[in-house]
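One chain, chain A, appears in both complexes that follow, with chain B as partner in the first and chain C in the second.
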Partner chain A sequence: MSEWKILLVDDESEFVSTLADRLYLRGIHASTANDGEEAIRSVTEEKPDLVVLDIKMPGLSGIEVMKAIKKIDPQLPIILLTGHGSTKEGMEGMKYGAYDYLMKPIDINELILKIQEAIGK
Partner chain B sequence: MANPDLEATAFVGKITAGVTHELQNVLAIIKESSGLMDDLMAFSEEIPAKLKDRFHQANRSIDNQVLRGVQLLRNLNGLAHSTDDSMIDIDLFETIKQLIELTHRFAKTRQITLSVEKPGTQIQIQSSCIQFQMAMFHAFECCMTALLPNGNIVISLKKISETVLIILHCDGKFKSEAKLDDAANISNWVVMTKMLILLGGTAEMNPVKDNLVLSLSDK
Partner chain C sequence: MVKNLKKRIFHRLGLSQVEDQSPNRYRVMRRNMIVLMYMVTFIPLFLMAVIYFYQYRFSLKQEIITPLRLMTHKTAHSMELYLEERLSNIRALGASYSYKELSDQKTLDRLYRIFKKELSGLVDFGIIDKAGNQVAYSGPYMLLGKNYAKQKWFHEVSIRGVYISDVFMGYRGFPHIAIAVQNFDSDGNAWFLRATIDTKKLDNIISAMGLLPRDDAFLVNKKGILQTSSKFYGNVLETYPLEIRYVLGTTIREKKDSQGQNVIFSSASFLHQDFFLVSIKPTQSAMKSWTMLRSNMLFVFVGGTILIIIAIIRTSNYLIKRIKEADEKREKAFRELENSQKLSSIGRLAAGVAHEINNPMAIINQKAGLMQDLIQLDANFTDKTRFLALTNSILQSVERCKKITHRLLGFARRMEVLYEKLNLNDLIIEVLGFLEKEAQLREVKIELSLADSLPEISSDIGQLEQVFLNIISNAFAAVQDGGQLKIMTWDENDEKVGVSIEDNGSGMDEETLSHIFEPFFTTKTGYGTGLGLPITHGIINKLGGTIEVKSKIGIGTTFIVYLRKNKLKMEE
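What follows is the complex of A and B.
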């Protein structure tokens, strides 16, 4: 688990940096990106094992970022973050190839379980 | 959308929906920060167990309030988005349930409980969701104004052919012998009936005056 590299993408920098710290304490290395373009660059340069991606971001939306990432690495698992109990957005994301989705605020144990499932697949 | 009232409603809905997204991010950051504090405390060997327990207890309180806030925002976001379309399919049970949660405080201050019974099958109407919720809210108000504290309002849904009945049954002591009849004299009744006319519906009381029945077409 400690060798896994996770990329956390959300325009709320405090959210992803805190989440990265919490994952680190559990032996998972996570880097962060605060917009779609930075995320796409990170996928190319850092080659993460999994991306956790917020659907609603300024500039490129989560779905647009996901499509761009899938062009770079079609096999890279992506977990989407949605808001307000919106299963509709999450389901739509899965149609475009997301591994799964979680609703914000997330439960860290649920996120780790999804990460394990997705990478261990 | 040439109606200024609808334009104003759509404006308020759009701004509210945007703010609920922002607030949800605020709650997500609070939750993660509280979680990180918990983690750091758990990993520390220097801090006495008693202090750790108290710290965890305080953090659970933060988590509970975050959950409460998330639920409130979810409902508020639903209400805000109900201004997006002038005509949509409305799941009556889900919409009334959400409205009850949103108006919980209005009932709580009067010491009255509001609940909705889930029908055996889904009952829908095609209409303006915001106008429907306005009609329902004022129907709640009519009943709550007539009841004394410790009263209950139980809402049930029935579909007869193409007509949908929303029955608000008032259980408890009324402020006057006229029961719900008094409700017809207040401004809530006027707004409710105005909204119902826009929705193509009607309102009436049963002969015993403890039920308010709203009739709507499912089309």
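What follows is the complex of A and C.
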């Protein structure tokens, strides 16, 4: 079991809770947030090692949330989830400082690989 | 049903398609145009011709009528002067000498000789007493002693004192006029001097009119008896064949003569006699120049008409052809626009649906993944393999959905085009490399006919690879094992190059052909997404090219792609 703390942000609570359960089974602690404001609050309070952030959310968009998080902790790695089949939004996110992006629906093993890459570096 | 509905909608929008408009439309348009052009050219032309025709005829007639009338009047006047002169001479003679002197044959003979010289036309002199006996006579005939008491002229001269006779033959056998004057001797007894004048002089006056061969002029009395010979209407003392109305003064009018021809008829009455001079001119010869003009005008009119008709028909045909072409062009452009709008709205809809489906799909994916994790971690799980197979199946289905949504989103999104110089021949050979194994396996023969001098074009390599991979894969799917493909490239014109991919596969019917660029339309049961050709179409459009398909069931399908040589400019 690693000591990593991951924050999962998506407006679909079912999605993030299931993903958190699956990560837990693989020894990764993950907390969840269902909107941008909650995510920003969690980052300040819990100080996670990595944030997995959905780009498309109602209210604050993923990119806006990411900018806010970068202000709090510029070093915090962020992996974006894109609903679109396009690489365009992901690429845009990278420009604003995201570590990487994954296309939904995601593969758990791929996600874990990216997490290990991002934190381990 | 669908077609009818479409027609109705188009009709309501006023956007009738070419095939909905009966070919009558152009026929009616052409007919209206021709009729209108005929009207605007022929009505003025015809009116002008008619007006000139009658105007010219009228003025020409005036030019003939006025001189003829004047000449008739003058000639009648000179004839009357001639007779007056004779009368006054004879009167003077009667007044100058007494009855005694003149009834002396010797004196009369002497005076006759003098007067014969001075007074042209004089035939004889006679002196008649109050009883009507000729008491003296000088002249070529033996008329001495003749009694005139019972003759009309004697009666007349006794009453009026002066008498000029009509033309008559009398005893002498040639036409002449008798002039008689009454005198009185010192006892108050009446006596008469009578002179006869031949009418040759009147004929001379008529011939001095200078008549044309077809013209005629003659003297006629009130009763219609000719007083001089006419050319066409009888000799002297014959009756003029038509009724003659005695009109005072000079008149002129058109009428039909005894031979039924149209003539201009002019008459001038004498002041002191019941004579009038008639001049007749046949209208036909008078209007000869007019008749000639008429035939010339007719010729010009008919010729002009034929030319105008030809010009109008040719112009109308040309214009209608151009209108028809323009209409067809417009319809074609409209249909293309409609098609591309349809495709893009379907694309937007598809993207929306795909995006919404993506989120629940992600949840299903994670839930199934979690189920799989739990089953794998629990050593005591009964029926482990069966459940794992079920979750695997769920995950695979999700994977398939993911592919579909990704392609859908790919169809809808606007990818940026990366322009670079490329050789289309090399690109096609590279694409064929992907399919080499399948070709070998299925023994599909690929015939390449690539243009040697094909110029490099500026386009997007990655997207073009996708385009040709799509089209060639479709061709592979269409042919049987051992089938044949033919790929050609050529330099179309200054702007474009062409590529054709021809297969001898199953081919498509019209219905299929009309839908192949629509998303989700597929004939490949099971594994087709129905997005390959729409994406291909979208990419080619984006690159400024065009794609055409020709297909016949059982013979095969040919895709023809035209690509721009140079980058598509934004203004276009």
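The rule is short, and it goes like this: the second predicted complex is superposed on the first by the 120 of 121 C-alpha atoms of A that agree within 3 Å, B and C clash if a C-alpha of one lies under 4 Å from a C-alpha of the other, contacts with A are read in each partner's own complex, and residues count from 1 in each chain.
Note that in this section contacts are C-beta pairs under 8 Å (C-beta built on N, C-alpha and C of every residue); 3 or more make two chains touch, one makes a residue touch a chain.
Just so you know, these numbers come straight off a predicted model, no measurement behind them.
In the superposed model, A:101 lies in contact with neither chain B nor chain C. Taken together, the two structures place residues 12, 14-15, 18-19, 21-22, 25, 83-85, 104-106, 108 of chain A in contact with chain B in one case and with chain C in the other. Residue ranges on chain C touching chain A, taken from their complex, read 354-355, 358-359, 361-367, 369-370, 373-374, 377, 398, 402, 405-410, 413.
Across the complex, chain A meets chain B through its residues 12, 14-15, 18-19, 21-22, 25, 56, 83-85, 104-106, 108.
Across the complex, chain A is touched by residues 20-21, 24-25, 27-29, 31-33, 35-36, 39-40, 43, 66, 70, 73-74, 77-78 of chain B.
Considering their complex, residues 12, 14-15, 18-19, 21-22, 25-26, 83-86, 88, 103-106, 108 of chain A touch chain C.
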